[in-house]
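Letters are used for the chains, namely A, B and C, taken in the order the chains are written, and counting of residues starts over at 1 for each.
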Amino acid sequence: MRLAAAVLILVGLAAWPFIYDQPFYVHMGVMMGLWVALALSMNLMLRIGQLSFAHGAFMGLGAYASALATMRLGIPFPIAFLSGGLAAASVAALVGPIFLRIRGVYFALLTFAFGEVVVLTFVEWVEVFGGNNGLFGIPKPSLFGLQMTSRPAFYLFALTFAVLSFIAVRAIYNSQFGAVITSIDDNEMLTRSIGIDAPRYRLAAFCFSAALAGWSGAFYAHYLTFISPEAFGFWTPVNMVVINVLGGIASPWGPVVGALLLVPLPEILRDAKEYQVLSYGILLMIFLLFLPDGLVGLARRWRGRWRAARSAEGRSAAGLEQGKREKRAAA
Amino acid sequence: MSVPIIEVAGLTRRFGGVPAVTEVSFTCARQEILGIIGPNGAGKTTLFNLITGSIPATAGQIHFDGRDITGSSPDQVARLGMIRTFQAATIFRHETVRENLRRGALFGHIGRPSWLLRGSVREASRAARERAEELIDFLGLVDCAEQEGGNLPYGRQKILGLGIALAARPKQLLMDEPAAGLNPAETREMGELIERIRAEFGIGVVLVEHDVAMVCRTCSRIIVLNYGKLIANASPDEIRSNPEVIEAYLGGDVEDA
Amino acid sequence: MTAPWPAVLPHCCAGRHMLLAQILSNGLMTGLVYVLMALGFTLIFGVMRIVNFAHGELYMLGGFATLILFGNLGWNYYLTVVVAAFGVGLFGVLLQSLLLKHFIGRELSGMIMALAIAITLQAGANIIFGPEEQSVPRPVTGVLDLGAAVVPYDRLVVGGFTLVILAAFWFFLQFTRWGLAMRAVTQDSEMAAVQGVRPGFIHPLAFGIGSLLAGGAGALMAPIYTIYSYMGELPMLKAFVVVILGGLGSIPGAVLGGLLLGLVESFFATMYSTTVATMIGFALVIVILIFRPRGLLGRTA
């Protein structure tokens, strides 16, 4: 039943641009797919309790790697695309063992500085990265000699990419790997004491997260056919965080819901870009203050309340008692 | 008696020139219950952290089960079969009792991410679920197996903390103040549990404890630290009449004695 | 120093000395402004454990206050700077008591809340003042020729003002009851709480003073650069770098780090380019965070 519903929704999602081929809406669909993947990559970082501002850089590394591979080396698109994610993951694997030793605010600032260095490298190393002007004429994706030019085809690509990213991230959270990384975030000392090599697990999560950002970047490059360093600066990871906070961090559905709601916002408020940014800021404040679990958290709470209302009333008293005990234990 | 399971030789740790543990040597036999006592700041916790690899030693060697484990990381030490518990109740607060125990049983098999790809993971995962059930019975946690760990009363949280360690099928347990935060009845229960662990699973225990009475009741041998040095290594009766030990406890902070 | 001199420079000693003097004076002047930004940033972190991503926007507010008071209403420039600084300071108190106080002790959410404030203020300024870069006339013009180096008078005014503010801030921290309380909190918040320092009062005060310093810096720099809604981004980046160099939460560290960064940047900007200078700054941050995570003067955990 659930599977049938999922298939039906997916088919609907895949089919609409071929029936209603409005460039503007299809473009929005493509951007939603892109941001779902980007937000999922940030969700992995938030899951290990680290706020990374390096994810704009990882996206950029993927974008430049894939673009340069096709333009300069003539590597076929599928391989170039894959190498985009791998390039970002390799850099993450290189810096991760050192960076991940650092926690909290310091990690955020460290990744921030790292992100700036990477973007400045794109700016400064003109021969390779094209400087502030970036790279033009990046080839559109092609598979077996067929070039992907139509917007709906791109949309299908974006949809597939987003759905695969979601499935992968969800599978990770539901697997033993997910149990390990939640354990590490919950109580690292204990997790290590029963045999988990926590730094390696954290590194693995970091690398996968970077790869996802890198693939998103590669997709972005071949979709727009133009990239410049500014797209990978500070505000890109900030947007990823905003999407996560609005959607909810605790579930992989959060980034999906957040991206679906936030990505169209710029388009709806297109004539007034400032108002769009303003509403970002205000929404973010409202959610942080009043809905810290995001929309998915809100939905869960409502569902929980509905269920609780149907089940026995006496439970609330038990819950209260439990709270008391907890307080006593903490004291 | 056979080869000792733990052999500590000349273990020394200085923090910025200040010695915390100096030239400590002792051994622990299989299935022995060994107590470590000493006044506040005697270096008990440092010694513990050195043995489990939480902090590196300045000098000296540690052998465990015939292997040199000097310089190993805490997770390596754990995977070799020496599992520690913590002074405060240390559990996964947001998981059920059953899941806590399952993780304890499973995590040693998947210590590194690449090990998740090994074929034996499925088998280990099934075994971990069984192990969790076994321990729920053994520890008497049947009635709260589906409760979140953080909602248990403190005494039960400490037992669950010990259970997580036990789930990992240790060859040797190291317990950091198992009685801390427990009332006298719970302390007695904990002492009996330790004895049962040795009797039923054949696991030896090294325990650091403030509660000297509990140590004397539970341990067959006691070592005493003072100012980072080992000053006595004997049976509980001998320890109680050892003048140097009495001096250490009365001369220093009396609060713990 | 063994760094290669650019080939265009004459290879005579006088040239090198003059260059060095110019680098030093430029570095000192920018360094002082960095100190002003970094002091507030580090004070806020030290007291509240919040990374204030909105610090650049407070600087921007100072700039716009100057645009209105000095540029449009024709107030006296020095009065404008003082009023702008205190105005932004009051605004900071408001921000703290309405929004940020709920996030004390929650690092991740606190950072995101500060980001939200930054985004909102930036967009708000963009809507009210428009996206164009605007400017106000320079209150003083001309240069002071020291022989070995030239210093524009307006930079000198900024430097002088900064020194006065720094002196006042130092006096506040050393000799007033509130200043002492604040230092106590940055050093050990638990101990300070035990000794009766009330966070309900110290937190808004610290955030207010931090905002005041940022607003003052913005007002001071407004005539030298242009005024627009993103003008605070670069100074905030610099404050980041400085504060990490000196150690998050360390007040002497902010002073040392600010001057150090000013000099280092001035050197690399003169010798290579400003991008290289910026990169060096960030590279320093990475190196320091890795090898000395609490900064040059920061406390060790």
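The rule is short, and it goes like this: contacts are C-beta pairs under 8 Å (C-beta built on N, C-alpha and C of every residue); 3 or more make two chains touch, one makes a residue touch a chain.
Every value quoted in this text rests on a predicted model; they were computed, and no experiment measured them.
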From chain C, the most remote chain by mean C-alpha position: B
Geometric centre: closest chain by C-alpha means: A
Interchain centroid distance [CA atoms averaged], chain B/chain C, Å: 51
Computed distance of Cα centres, chain C from chain A, in Å: 33
For chain A paired with chain B, centre-to-centre distance based on mean C-alpha positions, whole Å: 41
Would you tell me which residues of chain C are touching chain A in their complex? 45, 49, 51, 99, 102-103, 107-109, 111-113, 115-124, 126-127, 131, 237, 240-241, 244, 248, 273, 275-276, 278-279, 282-283, 285-286, 289-290, 293
Can you list the chain A residues touching chain B in their complex? 175-177, 179-180, 183, 186-187, 189-198, 200-201, 204, 322, 325-326, 328-329
Contacts from chain B onto chain A in the complex sit at residues 52, 73-76, 78-79, 83-86, 89-95, 103-104, 106-113, 116, 121, 125, 150-154, 157, 161, 164-165, 167-168
Residue numbers of chain A touching chain C in their complex, please. 46, 49, 51, 98-99, 101-102, 104-106, 108-110, 112-114, 116-117, 120-121, 123-124, 238, 241, 245, 274-278, 280-282, 284-285, 288-289, 292
